[in-house]
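Note that chain A is present in both complexes that follow, paired respectively with chain B and with chain C.
Up next is the complex of A and B:
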């Protein structure tokens, strides 16, 4: 495959991924409805929601709220573009988490108790999942001796399986799914950090959320690499779908836990898995035992 | 643009507010969200937040205490929006007519688009009302001046609401 074809493919992936994430969320709502013995909304429902929100009357609490929403979207977009074009994973991580922080800041800028609670809990969620994502990136860097996403050219699936599994609670948190939908808790906080956004600005935060998910899925796809680009893409998609479906099953079989348990569990589980995997890798490098 | 208009009315988000109901109609509104009636197949989600809502499902007679809150919720909902009064009390406040602490039906406070009668109103009737409300909403969406062109439309609407002569 020539460089030009690869470039075209990169651009295609970059443009199509956000749309694919919207479709994934639609599929998620359909599967969830079927699991609850309901018919459920059409698969394209997230797009209908988005188009409707852009058509609503434009209202904001204050100007800083809108600035933070737009900043959140552009930071996530920048991180996503950086990841797709094979940039530095650490920079992707930092830019993306700045985006998450600006969502919390936007929620803090509105003087509403629900928004405040949502923002506090959003920060707590960031505390729970960011160290794991960071450690996973460090593990990839430890194995590949580079942090450039474009230079990760080995099959990591069998070398770093524990680090990949550690991303599951992160996905559950980022998809705002049941045991850990702490910030957007719809039964008590309505929608947490999004509560004071309406219309167009809510749509902007939604798009930012889609890009945020795309970045996490992008990091997951780094775990598989093959000479043949089509096999590579196929297995990458399979990894994404497997994680996505597991998150839906977890969502439908669990109730929401408290925020303390979220922080304790995700940090202990995620850090133990990634650190353990790196230790195994280190010992294997020293020749203590063989590791694929 | 007809396609766009059709897509825009496919996600009516609900705000349910009880202005002083006996909870009979509230239970029927909640029944809509259960697997038996499953209104999410129309894209309807109970958002419980006026800032995200498009359709206001209101139950109960407006008590003097809830009047201001109802007005606030209505004003916080960004347009285009539709109001559905569910149940006899919400339509004209019947059993509480002339009661010292009750203002009357929902339309004494805010403009109502669809009235769903019944004590309590059946979930099927509410679904009928909501389908009617969606067609009303479609008209409002189509009549709406594009937001980028003018922001006068929603403001006028609010002025008529806040006018004191709306209350007889």
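Up next is the complex of A and C:
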């Protein structure tokens, strides 16, 4: 593939991914509805919602709130652009994490009980999932001897399968799904950190969330690579869809757990898997046994 | 005396003499003219030395003992006086430990001095760029803190003594940094122990006295270890010169013991686990003291000494490993314990221990990449910690409390301080500011050591949580269109300028991170390692990745300056908080994940774990000797 083609492809992926995330959320709502014997909204509903939100009257409590919402969106966007252009994965991770931090600060800046608890729990979620994402990226760097997303060119799927699986609870948390919809907790905290946003500002936080998910999916796609571009894209899509549907099934078959259990389980599960995987890699390198 | 020698000499003596002159003033008066003058001269000297070295292209400055002839005798005499004073203090405060540790220093010291008398360890003074960086931190940040203290200590009854000790602290710190003779280093090391003891106990309350005693006990214990390591290294290597210590794999078996002892001594100074108690107790001191201890002096000495020794330990994988794990354990433990805190100074204290732990991780990894990261963290940690402590001091002065929950609405009440705390925290952990570069580089350097990576990963997340909780309180405010009138009277000018100067310095150095690496860090690295991080105009590149710092600075700048000014809410956009139909008047706060009660329990676990690690570190040379 020539450089030009690659560039066009990069730009296409960059533009299409956020749209695809919207579509995925629409599909999610449809499937969830069917599982609960409802008809459900049209698949394009997330877009309709977004467009409608932009047209709504803007309401907020103060300007810090809005600045932090905008900061969150731009930071997630910057991290996403860096990932798509093959930038440093650790920087992508840290910048995206600053975005999540910014969302929590925005929620804190409103003097509101639901928002306050949402923000506290958002921070706790960060404590639960960030070490896992960090370790998965370290595992990739450990294996590839580079942190540049653009230089990762091996079949990590077969070498680091456990690290990939460790991302499942992270996805559940980031998609705000049961059992770990701790921060947004619709029935309890009325969408937590988002509760004091409306209109355009709420739309901005939604876009930020889409980019956040896009980054996580982007990291997952790094696990497969093939000479043939179409096979590559096909399998990458399959990985995303498999994780996505598993998350939906988990969402519809579990009830929300407590925040302490979220932290304990996610950290123990994720760190054990990634560390175990790296141990296997290390032992294989030492020639103890064969590993693809 | 030649020009560079004069600079080094003056950087040690000017603050010390200024301090001694302060002592001549009567109690109850403010020696501010002397203090300001001495600080200014120190700043000029510090910058002068940097400029001199840069323009002359000097990589290092070495001074032989005969150039500073009387100083050697003076140091021996002062050393003995210092220890005699500690014996007196121990008897006065009824501390068995202080007396014991003083005797354990004084007796071997006298015997050892009589043995090595007349042997010169040339060069006695040696300054390369690592020393210069540390000296700049001490002299510049330290001077700013001392100027801030002029206003802060206005109502204090015994200002001459306070400022005298503060200034001598800076002088002693510079002395320790420039010393190349281990015995000189030991002397200055113990002077910082004394000055920090005096400053922590400055308020003369029971709590202050107790904290000062604990600090003295732990750091004097470290001094005993340092002395032991000096005697051992003379025994094994027949030298007292730091730059002549052997390096690499030529050190075998028991010869590693002096290095292990030096590392443990450094841990006591830098308050690493299990010695963290003294630094947490030290917060009873007036805020400028905390600022000085945490950012410019004391705790930096330990990590500086380790950084200085790291080229000697290249190839000593096992020792380096254990050192790295102790640092990472400190970082993780404090990152989690800090979440449970409700007092801002305690949060900052834990954060200091954590960041120093991070530097020790860098020393443990001991690659060019990690050493670069370590020095970056050292620089930016000093600046941000000073900003944060000084800001908390102002809050304490206005509200009478350091509690996180009291800081709600601070955005309206003290806008300048809110910005300074925000920028200080940002600089301490978030991209694209200074310390972040270090955090990123150390993460890359640690990629080959998954065990350390796990501890770091959880620690980073913990850092986000405890600082998030704090910043959240600052920005909390009810419905309003624009800023409410500030509740407090105008911020004193001196506060504004001192904090502002550090904010400016931090931001400028963040922008020029590439130049900081090229001109301040690489000249040192190139003496022992190959430079590992290259700065381009847009960011930093390493072997493993790249960080386009400039873009992110742009983004952050536009976000918080641009939108902060442009985005004005309309009055009709304003809304009340949603409270489920209840009265929207409520008091938030007190929601902490871990209780402060848990702290004691955890401390026991950490103490046990860290003691085991230390024992392993000290026994490892023996084991290597036996099994090799």
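Everything below uses one rule, namely that the second predicted complex is superposed on the first by the 292 of 292 C-alpha atoms of A that agree within 3 Å, B and C clash if a C-alpha of one lies under 4 Å from a C-alpha of the other, contacts with A are read in each partner's own complex, and residues count from 1 in each chain.
Simple rule for what comes next: a residue touches a chain if its C-beta (ideal position, glycine included) is under 8 Å from a C-beta of that chain, and two chains touch if they have at least 3 such contacts.
Everything numeric in this text was worked out from a predicted model, so none of it was measured.
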Have a look at where A:160 lands relative to chain B and chain C in the superposition and call it first, second, both or neither. neither
Dominant toucher of chain A (residue count), chain B or chain C: C
Is A:55 in contact with chain B, with chain C, with both, or with neither (first, second, both, neither)? first
Is A:196 touching anything from chain B or chain C once the two structures are fitted on A? First, second, both or neither. both
Looking at A:38, would you say it contacts chain B, chain C, both, or neither? Reply first, second, both or neither. first
Would you check which partner chain A:171 touches, where first means chain B only, second means chain C only, and both and neither mean what they say? neither
Quick one: is A:47 in contact with chain B, with chain C, with both, or with neither? Answer first, second, both or neither. first
Between chain B and chain C, which residues of chain A are contacted by each of them? 57-59, 190, 195-196, 198
Which residues of chain A touch chain B in their complex? 29, 33, 36-42, 45, 47-49, 51-52, 55-59, 186, 190-191, 194-199, 202
Can you list the chain C residues touching chain A in their complex? 339, 411, 430-431, 436, 439-440, 443-444, 446-448, 450-451, 453-454, 456-458, 460-462, 464-465, 468-469, 471-473, 475-480, 482, 544-548, 551-552, 555, 559-560, 563-564, 567-570, 573-580, 584, 586, 588, 591, 593
Could you list, by residue number, the parts of chain A that touch chain C in their complex? 57-64, 66-68, 70-71, 74-75, 78, 82, 87-91, 94-95, 97-98, 101, 104-105, 107-117, 119-120, 123-124, 126-127, 130-132, 134-135, 138-139, 141-142, 145-148, 190, 195-196, 198, 259, 267, 271, 275, 278-279, 282
Going by the contact rule at the top, pick out the chain B residues touching chain A in the complex. 4, 7-11, 35, 38, 40-43, 47-49, 51-52, 54, 78-80, 141, 144, 147, 151, 154
